[in-house]
Structure formats: structure tokens, C-alpha cells
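Next, two complexes with chain A in common: one pairs it with chain B, the other with chain C.
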Partner chain A sequence: MPTGWSYSATERARTGAFDLEENAGAIKKFMFVNRKAPHGSVYALEGLEVVLISAAFDQDVSLAFLDDGVYQLVKGQDTKAIETKNFSPAFRALEGYDIEKLYVERESLEARGLTEASLMVPVEVLAASDLAALMAGQDVVIGF
Partner chain B sequence: MLHIVNRSPGERSTLYSCLRLARPGHSLLLIEDAVYAATAGNAAADAIRAATRTLKVYALAPDLEARGMKGAAIEGVALIDYRGFVDLVAGCPVAQSWL
Partner chain C sequence: MNFGILVNEGPYQRESSDSAYLFCRAAIDAGHKIHRVFFYHDGVYAANKLTEPPQDDRHVVNRWSKLAEDHGVDLVVCVAAALRRGIKDEILAKGFRISGLGQLVESAIHADRLVVFGD
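Then we have the complex of A and B:
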């Protein structure tokens, strides 16, 4: 049943796994940049899942929230009436995965009438220029 | 005529296109991420307030609740549920969804 192609794919996967092992000691700075509101598209939920997966790889992970992404952290979300999964409580679980660096852009909060008190988890509110400096210092930046 | 907008004004310009072309007496229904436009302090809130002078403006309450924003809804915007949504569509000869 296995063709030559699938053997080589398996081989590649094996080599890839070996490479991962070899680089196991290297810790990179990952920043996940969240810019979408939580329930109108799948980006916020998918992004959060990738963040949780990344926690398993012992990397230096931080999350940035800007533009409509700041809405992801708003307290009191209740999706019962729209019959979708309310994934917002998962932000409170991030601490348990040692993901504690949550940055929120001040300008984005202000443009939406929100304050730190509107948010469900402790965050560091930063001016755009400070957030930009943090972003520029990352090894990997992944946007959702 | 009923205009339905579903995108956040922070992400797309559909709300502003709709407001530019809606005529006095028309209805505007904000659903999904567009409900953020009708919350206090949002950059689009002034445009919505101005629109309430000539349009009947509605926002879908279940979408505000999902986003934790029901308490922030601005005055002059009527909050409706799914039944109200259906009544609104049924009561308007033409509905345009601004996708």
C-alpha cells in the first residue's frame, strides 16, 4: 500500500522530528498579535488555540492585543444567545500555562471607550511606540 | 429600506459606506461585529449618534451580550432580539446587507 511518495514523506517527517530534538534547547521569543474582534470571525479562537499549543514547546511567548483585538479581553462575554462557544474564559487559564505576558495597546483601548478595568485578565497597557519596540525585538511574530 | 451591517467599523469601512448612502427614514440594523459601533467611546459612536437623527437605528442584543458590550450600548439605538430581527426584515420591502 505505501507508495514511494509516502515513504519519503514519512522520512521527511522523521528528519523534521530529529531536527526539533536537536534544537530543543533554543528558546525563541514568540509574539502573537491579535487584531480581530472575538466572535465575528474564527481568527480569535484559532489564535488562542495556537497560543495554547505553543505553551507546550517551552518558548518565550507573549500576546499583543491591538485594534479590534482588544475586544477579545472584554469582561462579561456571554455567547448563550448566539449559540457559539464562549472561549473568552480561556484567557484566564493562560497563566496556568506560564503565559503571563499580555500587552494591550493604549491607543486601541481609547478608540473603543475601554479601559484596563474593562478587561478580564491583568495586562500591561502600552503606548504604540513601546509595543512597537517589543514587537521589533521578537524572533517570531505571528498575527491573527 | 433596511440596511444591515455586520462588520466592525474598526476593521472595515462598510458602516461608513452604508451611512453615506442611507436615506432619511431608512432603518439601520447593526449585527455581529457591527454592534461595536453602537457602544460608548467607540470611534464610530458619534457617527451612529448622528445617524439616529435621520434613521431608525437598531442593534442585535444577543450580539452585544456575546461581546460583553450590552451595558455600553448608546442611547437612541433600539436593542432587538432575533424575533425583532425577523419582524424588521418582514416589515421592510427592501433589505440590503452591506457585506
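Then we have the complex of A and C:
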């Protein structure tokens, strides 16, 4: 388990009310769809908290980044001037939670002058139509 | 069908909380089951019992409470999102309980469909 990401331990301790045994065997395909910039609203941060919790349930989890959501993965973020938490290092910790399927929409990257090299973690860049097909194959799609 | 519901917007500012409530009522009326309603982001404000809208407006908080009372719907407020916004046990409306995000994931696993309201 990676260290340095304070939400994981705290959040997991807070989730004591559920029974993991009860879910044994039920594996669903979860896709978390991130559409918003990392700052400017709380969706990206609180969305990431759900992603980290879902890892505790041994589900088939993937993340999609589109629209301004692609900015969440941009390298070299510095939030000092806006006095908010820089939570972007958590994306590098996802691998430690066995969350390795990160999809980024090509059109959203291109529209913002970004390339795969602008991003801090390895991702699969997909055309909107391919991403749509992936989405259609999910059991649960949650957008933040 | 067994539905899980996720409410991501606060009451009054936007319609999402109303739509979620109306969906739940319609689903129950049609013979479906609501496994759980999970309140996240500003959605947690729906649990604030200090809420006091003008008398000619709908009372978003009280009608969730009534739904819980009448149909045994499990209303769960995310603890992390709630604490960030000052929603604590002291001001929790009837029928709501505070718990972790695991309750959302669990609901998504158990329900036939998870329906998300709000951005």
C-alpha cells in the first residue's frame, strides 16, 4: 500500500460499517468518469476518494478522463497559490491499489493542446467512439 | 428492480436533489425497491435538520425523512463530505445516518442499477 496519501487510511477506517464478506464473489465493472478540472470545484478530489474506496471492494475498476477532466493528470501541478491541497500525487499511487486502467479521450487532450507526454501516469489514449464502447460495457458508471 | 441512488448536488441551488427524490417516489409507487440513497458532495446538505425553507416551498429535507419513514429507505450521508461541510450527528435530520463511502460502493454492487443525480 503506498504511503503519503492520507485519504486511504483515514477513509478506510471510516468505512467500518460495511461487511466485505457479504460481497464475496460479486465483481462488477466500475468506471469512474472524470470530466472536471482538478480545481475550481470539489468533484475531482471527492471523486478520487470514491475511487480509492472502491479498491477495497475488489471490483473491476477503471477511470476515464475527458473534457477538462484530462487536466487532473497533467504533470507538475502546484496549488500553493490557490491554497488548496495538491492531490495529484494520488494518481501515481493508484497502481498500488491495483487500479491500472486509466483511459484518456484523445479529442479532449487535443482540444486542450495536451499530449500523452503532458500526463504524469501511463494511460491509454482512446478516441471518443472507443471510449463510448468501453463505457457501454460497464455495470456501473459514476461521473464526477 | 432494486435501485441504488447517488445524490451529488445540494438542495435548492439545483434541481438534482428534487429529481432524485421524485425518482425514488415514482420507483416505489411502481413497485420497485430503493436499496439506498447515498448523499455525496454538496448532496449532504439534504440531511441538515436546521433547513427552513419558506412555507410555500417544498421542504427537501423533511420529504426525504418522510420517504425513509414510510418506505424504510436507507438514507446515508458520506462522513468525509459531511464533516467538510459541517453536517454532524447534532444536526442530522430524521431517517438519515452518517457512514463511509464504502456504503456507496456496496450499494452499486448490490443494486441492479445505480442512478446518479447531479453533475
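A few notes on this one:
Everything below uses one rule, namely that the second predicted complex is superposed on the first by the 121 of 144 C-alpha atoms of A that agree within 3 Å, B and C clash if a C-alpha of one lies under 4 Å from a C-alpha of the other, contacts with A are read in each partner's own complex, and residues count from 1 in each chain.
Assume a residue touches a chain if its C-beta (ideal position, glycine included) is under 8 Å from a C-beta of that chain, and two chains touch if they have at least 3 such contacts.
Just so it is clear, the structure is predicted and the values come from calculations on it, not from any experiment.
In the superposition on chain A, A:Glu107 makes contact with neither chain B nor chain C. Residue contacts after overlaying the shared chain place A:Phe30 against chain C, while chain B stays out of touching range. Of the two partner chains placed by superposition, only chain B is touched by A:Gly40; chain C is not.
Of the two partner chains, neither chain B nor chain C is touched by A:Glu124. Once the two complexes are overlaid on the shared chain, A:Asp68 sits against chain B while remaining clear of chain C. Once both structures are placed on chain A, chain A residues 36 are touched by chain B and, in the other complex, by chain C. Put simply, chain B touches chain A in their complex at residues 6-8, 10-11, 32-33, 36, 39-43, 45, 61-63, 65-69, 71-72, 81. Listing the residues of chain A that touch chain B in their complex gives 36-41, 67-68, 71, 74-82, 84, 86, 88, 110-114.
Within the complex formed with chain A, the residues of chain C that make contact are 6, 8, 40-41, 79-81, 99-106, 108-110, 114, 116, 119.
Residue ranges of chain A in contact with chain C, taken from their complex: 7, 10-11, 14-18, 22-23, 26, 28, 30, 36, 42-43, 46, 49-50, 53-54, 56-57, 59, 140, 142-144.
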